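Heads up, the next two complexes both have chain A, just with different partners, chain B and then chain C.
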Partner chain A sequence: MKIEMKVLLTAAVIGAFSLSGCASTMQYGDAGSAKPLTTEFGSSDLQQIAEAMVDSMITFPPMVEMTASRRPVVSVDKVKNKTMQHIDTESVTDSIRTRLIRSGKFRFIDRTTDAQTIEELKTQQDSGLVDKKTAVDFGQQIGAEFLLTSNLSEIKQKAGSTTDVYYKFTMSLKNLKTGILEWSDEKEIRKVFKRGTFGG
Partner chain B sequence: MKQKLSRNVIVAGMAAVAIAALLGLAGCSTTAGVEATGKTTWDEQGARSLEKNVVFNNSGLKGDIQIVDIKSAMAGDVMRTQATLRSKDKDTLPFQYRFEWYDGSGLEINSGAGSWKPLILYGREAKTIQAVAPDSRAREFKLKIREPD
Partner chain C sequence: MNVILKICNRIALLAVVLIMSGCAASSTFTAYPHQIQPLINSLSNRTAIDLQQCLLGECKSKDLILYTMERGRYAQVVGNSAVSLADFTAAMDKIRENDTKALISASAFGANVAATAVNDNAIPYEGEGYERVLLHHYQALNYLKKKDLDGAGVEVRRANAEQNDSLKRFEKELDGAQEEARKKRIDSNSGRIDRQYAQMDEVAGTVKNSFQNAYTFYVSGFIYELLQQPNDAYIDYKKALEIYPDNSYLQKDVLRLAATLDMREELDELRQRFPREDTRFVTEGGGGNGELLVFFEDGFVPQKHEIKIPLPAGKAGLIAIAFPIYQEKWSPQIPLRVLSKGELIGSTEPICDVRALAVKALKEKAPVIATRQIIRAIAKGVTAAEAKKQMGDLGQFAAIVWNMVSENADLRSWLTLPANAQILRTSLPAGRYSLSLHHPMAGAVTHTDVDVPANTKTILHVVRTGQQMYTTVTTF
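The block that comes next holds the complex of A and B.
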């Protein structure tokens, strides 16, 4: 009888765990969720960086003044990734560029699609398929006035069961003619992971 | 004997459900939180004013956090806002917040694009959080604060 009760109790506990979350589930998550899973660079870090940079840039007084009457043309440089992680840094600059374009204050040129552009212009000029009056000529694109450059670095510290990772993203807007940095800002993020006694 | 065994099975089943419910409750947190709104308007003289409104949807959070002040200004033609939050607790508390922006007709700008940002308030600390509207159409914002999910 006693053994029977033990078996039942074990079954109850196992049943409880399976009901409460051991079973596999699949669902949509919030794309804007700020729940960190690891100390690695995550989606929320990317969103925080993009928002901080854009907010800072479009409210910086000389930028406000400059963009009041015109929309300067900017080119984006690749992020120098100095972390030990593989991060799709183009995705970070894409987010920043998208937000800046949508703010209506800046215009951008995209050097990553130049190969396709040349291909298209060649077809328009040389294939004989396109009406010469509507064909786009070479050498008419607008040169960028500014270059947006950025750095991502990390400092990782580990002591016992605690991992502490500090990220710093620095971004600058360089005037290509004068070489002067017209704007610069940085965003810091700290993530701390403490390994639990039972955690894997 | 057989009847007793089946009764035991029922008891065990009920116990399982009860434990599951407890675990389930412990594992999830409420997402409803504080909502603060601010709407900017201009009078006939062109003076700018901000209508403010704060709603607490979560009594637990109401005991933890206080919205001391909401301010707003224009950077060129883009609306900026700042909220001052104060922790009522003596311990360090984590929160999440996000801003949503609405145009003059009350339509959300870049609907659903905002992300939650982490915020840490030390015991009885007051801290400001700032945000900038995505573009010049914004006239109204909504600040949402909640406990981390």
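The block that comes next holds the complex of A and C.
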């Protein structure tokens, strides 16, 4: 009888804990998971944009033709953030650049590490530590042939309890010698948030 | 018997007072302005406050939005941008959380019940429209000081969106209050209240509504200019000019951009509206010149006071209802004169009267406050009558005492804001200037060194708090 009571009590306690739902949970998620949590710009939006831009660029017929025999050198400009959110735009360009490099069709110049490069070259040239034969000279880097520029804008509309947010990402590849835009595309993302009626 | 009753009454009163004092830490029972006075004193007397220890508990309370805005503004004025940035971000996060919360939420429902039983201070502070706009505005200034133009751009876009949202939200709130009053058959336009508020009309009349703020439009326009988006800048300068058509710096900026953007028709129209003797604006900023912009923020926004209006409530006798009101005498805005080597460079001109925005916001909210007050007065009257039925005279007395003591007006508002804002914009030959800032209300002339390099824009942000002047310089 006593033992039965104890078992019952333990079961009740376990039941209470599992019902309470207060236990925090943690799990791995898919970076490209399509389920949006808020109308804010999130990780899956970033992935979608990077994917769409890269696919569009490497399948564009003139691009396919141009990259068939050589790998042009491209420089990436910062994304112009025209949204109402503080977005790490560098991370957007990083994703796009990484995918383009992995496609094996383009080569890139990274201007963000120029300061460190200059420092290193100075050391190689002036410190006397480095063998002159192997020291890298200034003025030997390759100039970019193309400039990749992009723009991210946002239109937000609120009506009643519904918030409608529209993001547009535009990217262009400019030929630096001729000034011609060789390729351009845009990706649109729309998110609709409806405020719940009941909740905590 | 009577003597015993009297003694009992005294004990009851004492008990009520003692119970109250236990809650003194929150604004439900202590007038809010008293809690912020140390910050205001510290700014006015330039005495240091340890920001790490300041308002720690309050910044986690239900009024988080209000306290973090106060501390953020304080930190910004004394030059601690990092703390200011973090505090403003915390306030914005909470506002966003509130805005996406379910319409009927358990926590908000609880607060409203408490507000009906106690007073309006029990409702978590959500920030008035003009405060939310200024929150983004000041955050933009924090980003400018960090030289993060992208960040500043994001904040001014948010500020502009907030100016639009505020209008919509206000209209909805007003409808809601009227609806509730109709349901409960209450006339919220009580004559007694309107009479008290009439005296605030003088200053409230100077603004159209409580959210359209030309200073924010101007800063927004300026940031767009820095971002090389002259078209967006032109639109915001024009919006600011609509609100302050007499500001000569605004007139110049609008004319200059209309010329730069080659808007011929609009330019002709503007030239007719604002005939200027000098037509230098077209060439201004060119050659070896640099631009100097002065953002001058003067004084402190007024504090709300409480008035109690007695209201007869049937059997329960008189019930006091407490109202927030602005009682200050309205002084005109005094310009800041900027001199270099004894020669006048220029005087600032008004671009925003924050006092008027605050007063207008209160006036707009008056019907909502009145409705809630009257519902509460009736609820409290019912409680007192019930107390009499259950516990006799002693019970009724205790209930009336509770009603009187607990009836406090909601005096909460962002108090470290300036009373008004003024601007000055001029083009100067490049060089180093030793500027002296003259203002009759300041204790002494303030001297500050400003570098104005060629083809740049230099911002001099001046905040006057009592006799003190705080200055910061940022060059783009």
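Heads up, the rule we're going with is that the second predicted complex is superposed on the first by the 177 of 200 C-alpha atoms of A that agree within 3 Å, B and C clash if a C-alpha of one lies under 4 Å from a C-alpha of the other, contacts with A are read in each partner's own complex, and residues count from 1 in each chain.
Rule of thumb we're sticking to: a contact is a pair of C-beta atoms (placed from the backbone, for glycine too) under 8 Å apart; a residue touches a chain by one contact, two chains touch by 3 or more.
All figures in this text were calculated on a predicted structure; none of them were measured in a lab.
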Quiz item: Between chain B (first) and chain C (second), which, if any, makes contact with A:Gly196: first, second, both or neither?
Solution: second
Quiz item: Between chain B (first) and chain C (second), which does A:Ile118 come into contact with in this model arrangement: first, second, both, or neither?
Solution: neither
Quiz item: Now for A:Leu181: first (chain B), second (chain C), both, or neither, which partner does it touch?
Solution: neither
Exercise. In the overlay, answer first, second, both or neither for which of chain B and chain C A:Thr59 touches.
Key: first
Quiz item: In the superposed model, does chain B or chain C contact more residues of chain A?
Solution: B
Quiz item: Is A:Ile155 contacted by the first partner chain B, the second partner chain C, both or neither?
Solution: neither
Quiz item: Can A:Asn81 be said to touch chain B (first), chain C (second), both, or neither?
Solution: second
Practice problem: Would you mind writing out the residues of chain B in touch with chain A in their complex? | Solution: 5, 8-9, 11-13, 15-21, 23-24, 27, 75-78, 80, 96, 98, 110, 112-118, 130-132, 134-136, 148-149
Exercise. Name, in rising order, each residue of chain C that touches chain A in their complex.
Key: 100-107, 150-151, 153-154, 157-158, 161, 165, 168
Quiz item: Which positions of chain A touch chain C when the two form their complex?
Solution: 38, 81-86, 89, 156, 158, 161, 193, 195-200
Practice problem: Could you please specify the touching residues of chain A with respect to chain B in the complex? | Solution: 4-5, 8-9, 11-13, 15-17, 19-21, 30-35, 44, 47-48, 51, 54-55, 58-59, 61, 64-65, 67-68, 99, 102-104
